[in-house]
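Next up is a structure, given as structure tokens.
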Amino acid sequence: MHQGSSKELHFNRENVEELLASGEFFWLDLQRPNDDDFEILRDTFGFHPLAVEDSEYFDQRAKVDEYDDFVFIVVYGAVKDEDRLVEVHCFYSERCLVTVHRDDAPAFDEVRERYEKRKEGIERPSLLLYRLIDALVDSFFPILDEFDDRIDELEDGIFRRADDAQLQDLFAMKRLLVGLRKAVSPQRDTFARLAGGIGELPGFTPDDERYFRDVYDHLIRISDLIDSYRDLLTGAMDVYLSTVSNRLNDVMKKLTVIATIFLPLAWITGFFGQNFGFMVRHVGSWEAFLFLGIGTEVVLIAMMLYLFRRRGWL
Amino acid sequence: MHQGSSKELHFNRENVEELLASGEFFWLDLQRPNDDDFEILRDTFGFHPLAVEDSEYFDQRAKVDEYDDFVFIVVYGAVKDEDRLVEVHCFYSERCLVTVHRDDAPAFDEVRERYEKRKEGIERPSLLLYRLIDALVDSFFPILDEFDDRIDELEDGIFRRADDAQLQDLFAMKRLLVGLRKAVSPQRDTFARLAGGIGELPGFTPDDERYFRDVYDHLIRISDLIDSYRDLLTGAMDVYLSTVSNRLNDVMKKLTVIATIFLPLAWITGFFGQNFGFMVRHVGSWEAFLFLGIGTEVVLIAMMLYLFRRRGWL
Amino acid sequence: MHQGSSKELHFNRENVEELLASGEFFWLDLQRPNDDDFEILRDTFGFHPLAVEDSEYFDQRAKVDEYDDFVFIVVYGAVKDEDRLVEVHCFYSERCLVTVHRDDAPAFDEVRERYEKRKEGIERPSLLLYRLIDALVDSFFPILDEFDDRIDELEDGIFRRADDAQLQDLFAMKRLLVGLRKAVSPQRDTFARLAGGIGELPGFTPDDERYFRDVYDHLIRISDLIDSYRDLLTGAMDVYLSTVSNRLNDVMKKLTVIATIFLPLAWITGFFGQNFGFMVRHVGSWEAFLFLGIGTEVVLIAMMLYLFRRRGWL
Amino acid sequence: MHQGSSKELHFNRENVEELLASGEFFWLDLQRPNDDDFEILRDTFGFHPLAVEDSEYFDQRAKVDEYDDFVFIVVYGAVKDEDRLVEVHCFYSERCLVTVHRDDAPAFDEVRERYEKRKEGIERPSLLLYRLIDALVDSFFPILDEFDDRIDELEDGIFRRADDAQLQDLFAMKRLLVGLRKAVSPQRDTFARLAGGIGELPGFTPDDERYFRDVYDHLIRISDLIDSYRDLLTGAMDVYLSTVSNRLNDVMKKLTVIATIFLPLAWITGFFGQNFGFMVRHVGSWEAFLFLGIGTEVVLIAMMLYLFRRRGWL
Amino acid sequence: MHQGSSKELHFNRENVEELLASGEFFWLDLQRPNDDDFEILRDTFGFHPLAVEDSEYFDQRAKVDEYDDFVFIVVYGAVKDEDRLVEVHCFYSERCLVTVHRDDAPAFDEVRERYEKRKEGIERPSLLLYRLIDALVDSFFPILDEFDDRIDELEDGIFRRADDAQLQDLFAMKRLLVGLRKAVSPQRDTFARLAGGIGELPGFTPDDERYFRDVYDHLIRISDLIDSYRDLLTGAMDVYLSTVSNRLNDVMKKLTVIATIFLPLAWITGFFGQNFGFMVRHVGSWEAFLFLGIGTEVVLIAMMLYLFRRRGWL
């Protein structure tokens, strides 16, 4: 038998005592537990005070702490649409599984539904634990799968038009990856140890190793993906910088072309705009105007255009 | 005896039962298998449900899972012309080898032809498996060998004329390498373990170790190559950025030369274009025009050219 | 029983002899010890000369040196508001704990208060040592928690307006992280060893391992955080450079727009400012002025604006 | 006794059979072997077909393959003046040493001369192998020693005048290092294993370990050198980029100085060049010309120069 | 008893035979030894020819080679004021310690003085060796301590005014660090092995381990420092590049401001400088001059200044 969240169940000392007395294995999911809840964990369930104290503080490293008659596990999942992590603390013994979490854990819903539909209750305690942890671990995949598209999109955007929004995106993605990595790496190392020697922990059988090796395999793959995306983000940042430099180069070429054409032209018109009496008097004919005034300008423009074209600047 | 793809063979329950009953080792290659095929794998072949379930999902890490009477292997190859990976799932037992893959695997064709020409059938089961895996692993080499030339070409292109297309190329190559690495690294680690203790797996003999050590050697070399190319790509990106900066420098020098020559010239012509009655009246002779108008300009131009030449800007 | 700093206690040979004679475990905290204090450590306490000499020099690597009847521990903490490290040298034996430090150690105050309030004295020697080391290790967290906000703020500042102050901030933060890392890494490695085999050291029981594993867990987390922030700082530096390049691009576009509009305009006005007698005589009518003077300019401006708008530059 | 290359010796089946029959240890050096040569290796020498097949393909990873009665070794050397690698495949047994290589191996010449001068023939088989491998390994040093000077020169060149040739040089050196590293790293790892357990291989004695440890020491040093030069090249690339940026800054300052001086001057001359009848009529005296025409310009130039000098731009 | 350098001692065969005959442990320091000296080492001291040959070549990796009756050690120190390394080769046996070095080793002077003052001679052979190696190792600290200040200074300089000299400094420091690292890393690894099993080497007792662990601790700290400084140098290089880009941005803003103000102004003055008879005739009044000539310019300047101020560019 398993049980819903503390609210649905009217979680209280009496209920729990009843459940424990029934001798049947049950699952208790505590979301946003209060001080009374922790007291019940300590006094009624009889979990070690150090473990209960541990479970009160969030923001911990993933770990498996072995106690005499139960195991305390800290495990992380992710919620895709909100780009946030879910931290779950599990007390697992032969009598029951208690999961404690502060934030909503959508990964649990599917497992809960599955067991609610089942008539016969929980088939094997360790399998329930595996299903929950597996659901949490697999909740990293959607968030990572999305990365591929985001990096693609970003790259396209950079080549179309590099702006600050993309930089902010890049940094936000880097930040998210750093956060995911901080959650996943210790989890991977923890399950590496677990996959090897889970049979000796209270409440597990050697057969469970295959299941937890599966979890470990997924965690390695998640870890690989995170490293790949880090690599790609670094590459995207380099591309960004190079693209901006490239654009700058183009802009400067244009400016240089403009200046190179019009500064000499302006000088020539300036030259013939000088008030030298001699010049004013002697260049009055329309031939002079045609040859000196218009001719030089046309020749100059033609030369410039030829030069720039040959260099591939236009 | 070995068998072609599911289509050619009219792969169905009866055929398989016949084959299994024959007692002879056979190879079955399932491309794009459907749900019925997986059912046959589970029910008629008797492969463990967990392994069959595993084989239905692609995009896995390379691995070797040992079961009681068979081994489940996930292995990757590459297809050069399409720059894509091929993921193959193998069920290998003493009775048969079943390979499952979603995409076309050109690496298998050569092995298939070889056995089709052979009269005597499959000489040793593990040798067939080795040949297939070897073909898959070696299919990474052509795609990597091409990299050398592509990087060379890219570098030449960058020095000739740096543009966005090269950046896109660089990023695409980086992406491809990240993808190859993600496929090859777990494969290398898997075969490192395999090369050491393959004799204990079902269907293998200690003699097979030499063959799988050979596969492992190739995987290390592929891994080395990937790392080398990553290094070179990073270098190429640096070169790109430096080249663009260099070009910008050249453009700006040109602009500065133009501005430094023509701005002062324009000022002088502007000066003599002022409508000060005094100036208009007193600089009317042709000597004034020659000395002030043309002389100053010529002297200025000469000075500038001399200066720029000495600094090596022209 | 525990004792305050050397000043409060009138720390001298007689006092110490009395304390040692009492047979009760005590804590002695020596801040800024002088040569006499070290002599007492050597002669009255009987600590090994090598350890006492070691304790005189600060700026050491975190370590645990095992002697015959005591343990010499070098451990680091941090002080948040001053961004500095605290180095503490501990002599721990079954009779007493002597802590030596040069700088003020605020992390000790809380522990001291706790024990001053307690009536029954020190419950277990190794627990006191654990509390002190735990307080030191946990003093790294506030300084690191602040980093998150500082990097956020910095990033916002960079996107608003990149200046040298942010660069100096970035470098100062990098420097601080390098310093923290230098203190934390050896400490983490030391406690990794300690967490495994503390039961064999003088003055410890196997039960203490759980406590020191807790310290080790915290040190790994601190180490993870430092690595994460290094990553983010590197990212922020890249963002900085990219932002500055982006801004430069914008500035240059503006300059190019200005030059592209006004250089041709200036050339046209210059053209009609030339003193060719022919032109002066023939373009005197108001229609000429309207068409040639104002018309060309208006057409040119309109063309330019249309072009820039189409390219998204305005 | 040892033998020269296949050409000198009229290498054929009869000669080899004679040599093998003599019972004396001999060295056979095959350069650019043909298919017949490989057949002799397989049939007359009796080397394992897998090893002979291996020896036909070049571009392998350095390795030591142990067979029943011989060892197959792939080892690399370098040729300084041509910046290329030499790949040598060695068959080493108690009866003979056969070295196979495609390209010229200058490192062998010295060893060959040494043995040609010797009267007594080969003193100890393993010592000859050591001498050849040592000569190959040491051939990496000249090529690396040269790097130091090349980087120095490059850096000087960059500070004098940064151009594309240096970038090409940097990239070529990076490429060469990547290639050397790809050859040396596996070789180093191979000899690490060899230095530990060579006594158990056919044809070696435990005394040989010291010699092969020496080879291993050299390989580590080569590997260290390669890493150092990689580091320095990365540094040089950063310096390159920074120098170019620095130069750009200088160029832009010059342009800004020119524009800041001459644009206002041009404006003032333009101002007084306007055809306002009022102005033309009223600023006709020589004092007006002196004060307005020349005075404003001189004052402006003086102000600018003072400003730029104070900012250290001139 | 110990002995000075070869010059002071009239180092020759007879002296050495006397010393060896005395049975007392002695220290012999050979600086810039010649071929005769090496012959004495081989023949009179009886050191293994391979070790003596090794000691003739400098530029080796730090190492400890164990021979039957002596140990050959290569160890590095540094000389602060000259930024160079000192390589010392030690022959250490139960009878004597011979140190061979090519360059001056200031680190030895202090140890020599200490023993010259001592009346009783050398108290324990291994302690003398420890003192010498410790002095060499500690000679790295002054050179590294200086780095902190140099990086600080450099950073200040960069923020004040970035120039090529700082780049050269950065690269020189990087180079020095790469050199130090190349000397220190193998030394650290060597002493890691030594600290664990020194008791088994000839001439050492298990008690010596504590001393050599101390040397090892210092080497780790040196190695940590080198890594920290590398990190900071990389950061400084990034800061350099960013600062230069920042400055460039400022310069370009200035140029843009100048161009944006004066190009339109010049265009307006140019406009009214055109020789259109119509305009010349109709804008002759002083009001026209005031409104069109001076008015437009003043309005334009005011607008520009307002705009730039609002954008924070002035």
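Every chain is named by a letter (A, B, C, D and E) in the order it is written, and numbering of its residues begins at 1.
Just so it is clear, a contact is a pair of C-beta atoms (placed from the backbone, for glycine too) under 8 Å apart; a residue touches a chain by one contact, two chains touch by 3 or more.
A quick note: this is a predicted structure, and the numbers were derived from the prediction, not measured.
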item: Fewest hops from chain C to chain D - one hop per pair of touching chains; value: 2
item: Required minimum of steps from chain D to chain E, each step between chains that touch; value: 1
item: Whole-Å gap between the CA centroids of chain B and chain C; value: 39
item: Centre-to-centre distance between chain B and chain A (centres being mean Cα positions), rounded to whole Å; value: 24
item: Touching two or more other chains - residue numbers and ranges from chain D; value: 241, 245, 248, 252, 255, 259, 263, 266, 270, 273-275, 279, 281
item: Ring walk, chain B to chain D and onward; value: B, D, E, C, A
item: Touch list for chain C against partner chain A, complex; value: 155, 159, 210, 217, 220-221, 224-225, 228, 231-232, 235-236, 238-239, 241-243, 245-246, 248-249, 252-253, 255-256, 259-260, 263-264, 266-267, 270-271, 273-279, 281, 312
item: Of all residues in chain D, those that touch chain B in their complex; value: 50, 60-61, 63, 161-164, 167-168, 170-171, 174-175, 178-179, 181-182, 185-186, 237, 240-241, 244-245, 247-248, 251-252, 254-255, 258-259, 262-263, 265-266, 269-270, 272-275, 279-281, 283-286, 288-289, 292-293, 297
